[in-house]
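These notes open a run of structures that come right after.
There are two complexes below, and they share chain A, which is joined by chain B in the first and by chain C in the second.
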Partner chain A sequence: MTKDHGGDVRLSGISKTYGSFAAVHPLDLTVPEGSFFALLGASGCGKTTTLRMIAGLEEPSSGTVSLGEQDVTRLPPHKRPVNTVFQSYALFPHLDIFENVAFGLRRRGIRSVTKQVDEMLDLVQLGEQARKKPHQLSGGQQQRVAVARALINRPKVLLLDEPLGALDLKLRRQMQLELKRIQTEVGITFVHVTHDQEEAMTMADTVAVMNAGRVEQLGSPTDLYENPRTTFVANFLGTSNLIEAEVDSKSGGAIVLKAGDGKLSLPEARCSAPATTGGRVLVGVRPEKISLTHADDAGDVPVGRNRITGKITATSFIGVSTQYVVDSSVCPEFAVYVQNIDRDPRLVPGADVVLHWSPAHTFGLDAAQSLLAGTAGSAGVETVEEEAAVR
Partner chain B sequence: MALLRWTKRHLVVIAGLLTLGYLLLPNIVVTVFSFNEPKGRFNYEWQTFSTDAWTDPCGVAGLCGSLSISLQLAAWATLGATVLGTMIAFALVRYRFRARGAVNSLIFLPMAMPEVVMAASLLTLFLNLGAQLGFWTILIAHIMFCLSFVVVAVKARVMSMDPRLEEAARDLYAGPVQTFVRVTLPIAAPGIAAGALLAFALSFDDFIITNFTAGSTVTFPMFVWGSAQRGTPVQINVIGTAMFVVAVLFVLAGMVVGGRRKRQKP
Partner chain C sequence: MTTLTEAEAPPPPAPVTPTRKPPRGRGRLVPYWLLLPGILWLLVFFALPMIYQASTSVQTGSLEEGYKVTWHFATYWHALSEYWPQFLRSVLYAGSATVLCLLLGYPLAYLIAFRAGRWRNLILILVIAPFFTSFLIRTLAWKTILADGGPVVGALNSLHVLDVTGWLGITAGDRVLATPLAVVCGLTYNFLPFMILPLYTSLERIDGRLHEAAGDLYATPFTTFRKVTFPLSMPGVVSGTLLTFIPASGDYVNADLLGSADTRMVGNVIQTQFLRILDYPTAAALSFLLMAAILIMVTLYIRKSGTEDLV
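Entry: the complex of A and B
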């Protein structure tokens, strides 16, 4: 079976600078044909600029953009086999829905467009609305028109610039599934820009996390979530507990670390920082990986698990789980999410507890970076939704 | 007592009708007197009903000639001012250039300056250039003062236009020309049309600047002014009424089109 890879998007060393400000640092990225690829990052991280360079709406300061074998860096937007779904939808207000969708076909000189447009409107379930003007439709319907208007041209790549940003939460969820369905159905490469980590994880096969004009980490949603390699990724995707620790010794593929007065174990393969004895690393663990045991039952904790003692400072019941904040000597605000299966009535604020988790769920990061990068409090990060972390 | 309450309740309507009456009364008088058959040379007193003037609107020497000149002037001035004004408006909104701020404020000068001052300085300019006063000098003057009104009208529209619409068009295989014709122009059209109508009306009834720059050419407002010294032919009322009716028809047509668009809503 041969594939022409015509839908591969290859960015080689592209960058964009405005005066002395570098919006995008030289970056290499390959989006394989037929994949659903997400560029995730806070506003101002350069993700939209990257997208616009693929569309041709922005000229790269350096580097090249290729679609399959074709170098399109110098092609104007109307000559690229690429279409965009804009954040504001940018539907033509003077044309009805039918003509909006037919626009691309007509510009390419295709005479009989009726059949194609009707089919496309059916795909996005808007057949009834064909003769209405954009302002007569709801936000969700306008969004679907924008998708239909781009998809009808059978582009090699469909670019989506925060397409769900203007919708309310419920509609956004519905459209996420809808877009995923359409992508599977048409098999076109989708490049999706979003600041919503949950959206990126639900929809995309591959996610590139961008920060300050650079790609921090690239991988599948599970890979990024389970094995973050920087504190930015660890905090931006879900929530992480990070502890500063000192490398004590190494044995049998595991690193033993000293944190406070206790010891923690970390598989060497899950440490992205160079771990030399005596050096420092950041130890991370996701809140839902941790078990909580009351101090009275500390003896029941199986051996071989990482353990930390502390005192509960706050609890909040959110239905599917209960979230605890635990004050410990190594980390003042340790977050723990416990599934509501068997609730221990003794776990109330003020109770002494033992936190324990499997060493396999521990990850290690370079200590020479900010603990708070990518958290809700740090600059530029808009929303970090907690729910996605409970998986 | 009951009357007082009734008045209170309908105060807004009464005020509205009074204002409307104030605006329309002169037009009604013009229309009524277009059916008059005056005894002397002045059409100021109602005598008897007659349609003579309506059946022979060009019966007064020079009237239809001046009307034709005014219509031609207005048409050309509208065209010139609309094309130039639209381009200026786009340039001011879309591009950043060195003298942008200065152009932005200078363009309003013709609106702010007393017309008679501008008329006098234009005359000085034309005389110094040795230009032959007439149709072309009037046209140049009209385009000049209509320009700022067109710029204001179009600029307001272009400023509210989402630049993403043009990006979307380029993204959907429309080249630069197609993007302009298919997207930019239709969306800016209401602003351009408003500017053009304004320019037409301003040019058609301008008297002061025209009077200074006309030489021996006589436009319709100048004809009316001139004849008012000697007597007012009924035909002037006929032309005035006809212009009014045409304008009202334009407005009605616009309302019908707009109404039909609205009714398409679910």
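Entry: the complex of A and C
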């Protein structure tokens, strides 16, 4: 494998419009050779269209697609060194597993395919099934055939279009690890389209979060999770508590914010919005970063931590952790996940509590965006009403 | 304690969903009652006439003295040795018409299935439209179309097509009417919808993503057709060819109206024996021979094409 970026996928100003509807706004994206890259977003965000433009199944309205040095924008799919694992696998029903896998090799005029096909079937652990027809296999096995059929051609890039969408949860977990193993083993660039944030975070080195035809943010899973730059990313990847606050002052790399009648501290480096004194920012914190202390022990909370007072409205025990919903003056539904190490029996609905967390775990976002972007019910009138209620 | 009481609690009431017990009493007979009209129909209008014809085919006698079953199987041998050219011609004409139907019908069915878009239903209606007129009228119309000195014959003549077909022996001189070509054209025309519809059905069922997948795996559009589309449309090809070939080989209207004495098919012979010569045993024997021949050919064909799931 070369390291001269000869196999990078480069999208330059690529866009797709259908009539007046822009499925993908002009976007630039570079997928480094050998990486596992995920395009993550809700359905209709343009992720599949982007993938299909790389595959050549969709012609871009503008922009270019290059693989390494080669501009492939005008090449038909059968001339691109790219293979796709389709959402519903699209295995050829009239051919057996062996012939399905051999299809690409045969089309390129390779005569003796047996050895390669057998090796590939072993890689995906389907050596025994070679002479079966696709419909005789289970969903997970069909999925592996689809991967083998694409991978055997040693493409420069393997495109995966929601490859695990049709599998049940347990199998999906297993296949996520399997795909990751295969990718590491063969070292081919994988571009993976999914709407499942957990799937993207488990498998990919780099994730591009897409929303309404645009890339919202691009980075490693940890980076996206810890430092979301938009409310969409903050809400779409996991859960975030977002508080509207006013900038009070700045001192020594930290921003002091007024939220309700309390004060919060935020490292300047973790604020993606311009913070001018008197301006507004959204303060975010992930639920698992928060500690919960009963109001009676409020004196025990270390100094220097961000703190908010509230009342527990609901709890749910989910084994590894307990999830609390806390009603506070700054946010009516503050989510807090507490690991089940030492459970405080006083933390029941109705109890007064202090929420506190390290300022280092706080992030700041531009206040000029919807608080609820990227949450499950973020559409239409409901959002507006809920937002009004939040304020 | 709580768990204990819960464990002792009576089991929840049976689910409301109906259990799948086989229906008892009268209910169990319902499927048979529903089958009865169809079975009766087949019995009266298919099985009985068949038995009657079978017995007719081994009778001897004359119209005046009446016919008797004498197990005279020689009628079969006589029918076959006397009329084998017509048998052969039937197979040849029906086969040619079937091949022509396939060549004409496949592109059209492909177009309707994959390219027609919102015109799909309109084209399908146009394919079926000829059925709104009687078979006989349509065949008579072809008589006008192919009439001597008509525009079609004139055009074919000036393009020297008739020279070629004449050399091939399927037309004679300046005529198209009353030649094998006319009969095959009529058969092709009349049975074309029976080819197009099954082809369309099986093409339409092919998942469009398979075409994308084949392209993605380096198949050119032509290879995609050869390796994916065509094999997957085989059930349609087989049922289309059967639906064309079987009725075409027994047809006599086309040969009667568009052909001549030299283009008589076995259907014409049977019709003449039954209705003009009134030689019922020979006619019945010919009918059974035709049936047997078709059965054998169809069986071999299905075996060869390896299609278990017809339609």
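Please note the rule applied: the second predicted complex is superposed on the first by the 375 of 391 C-alpha atoms of A that agree within 3 Å, B and C clash if a C-alpha of one lies under 4 Å from a C-alpha of the other, contacts with A are read in each partner's own complex, and residues count from 1 in each chain.
To be clear about the criterion, contacts are C-beta pairs under 8 Å (C-beta built on N, C-alpha and C of every residue); 3 or more make two chains touch, one makes a residue touch a chain.
Bear in mind that the values here come from a model prediction, so they are computed numbers and not experimental data.
With chain A as the common reference, the superposed partners chain B and chain C clash. In the superposition on chain A, contact of A:Lys132 is made with chain B only, not with chain C. Of the two partner chains, both chain B and chain C are touched by A:Asn83. Looking at the shared chain after the overlay, A:Lys170 reaches neither chain B nor chain C. Contact with both chain B and chain C is seen for A:Phe103 once the two complexes are overlaid on the shared chain.
Contacts of A:Lys115 after superposition on the shared chain: neither chain B nor chain C is touched. Legend: residue contacts after superposition of the two complexes on their common chain; A:Pro93 is shown touching both chain B and chain C. The residues of chain A shared by its contacts with chain B and with chain C are 55-57, 76-79, 82-84, 86, 88, 90-94, 103-104, 107-108, 149-150, 153. In the complex of the two chains, the chain B residues touching chain A come out as 162, 164-165, 167-175, 178-179, 182-183, 186-187, 189, 264-266.
Residues 55-57, 76-79, 82-84, 86, 88, 90-94, 103-104, 107-108, 131-133, 136, 149-150, 153 of chain A are the ones that touch chain B when the two sit in their complex. Across the interface of their complex, chain A is touched by residues 207, 209-210, 212-220, 223, 227-228, 231-232 of chain C.
Residue ranges of chain A in contact with chain C, taken from their complex: 55-57, 76-79, 82-84, 86, 88, 90-94, 103-104, 107-108, 149-150, 153.
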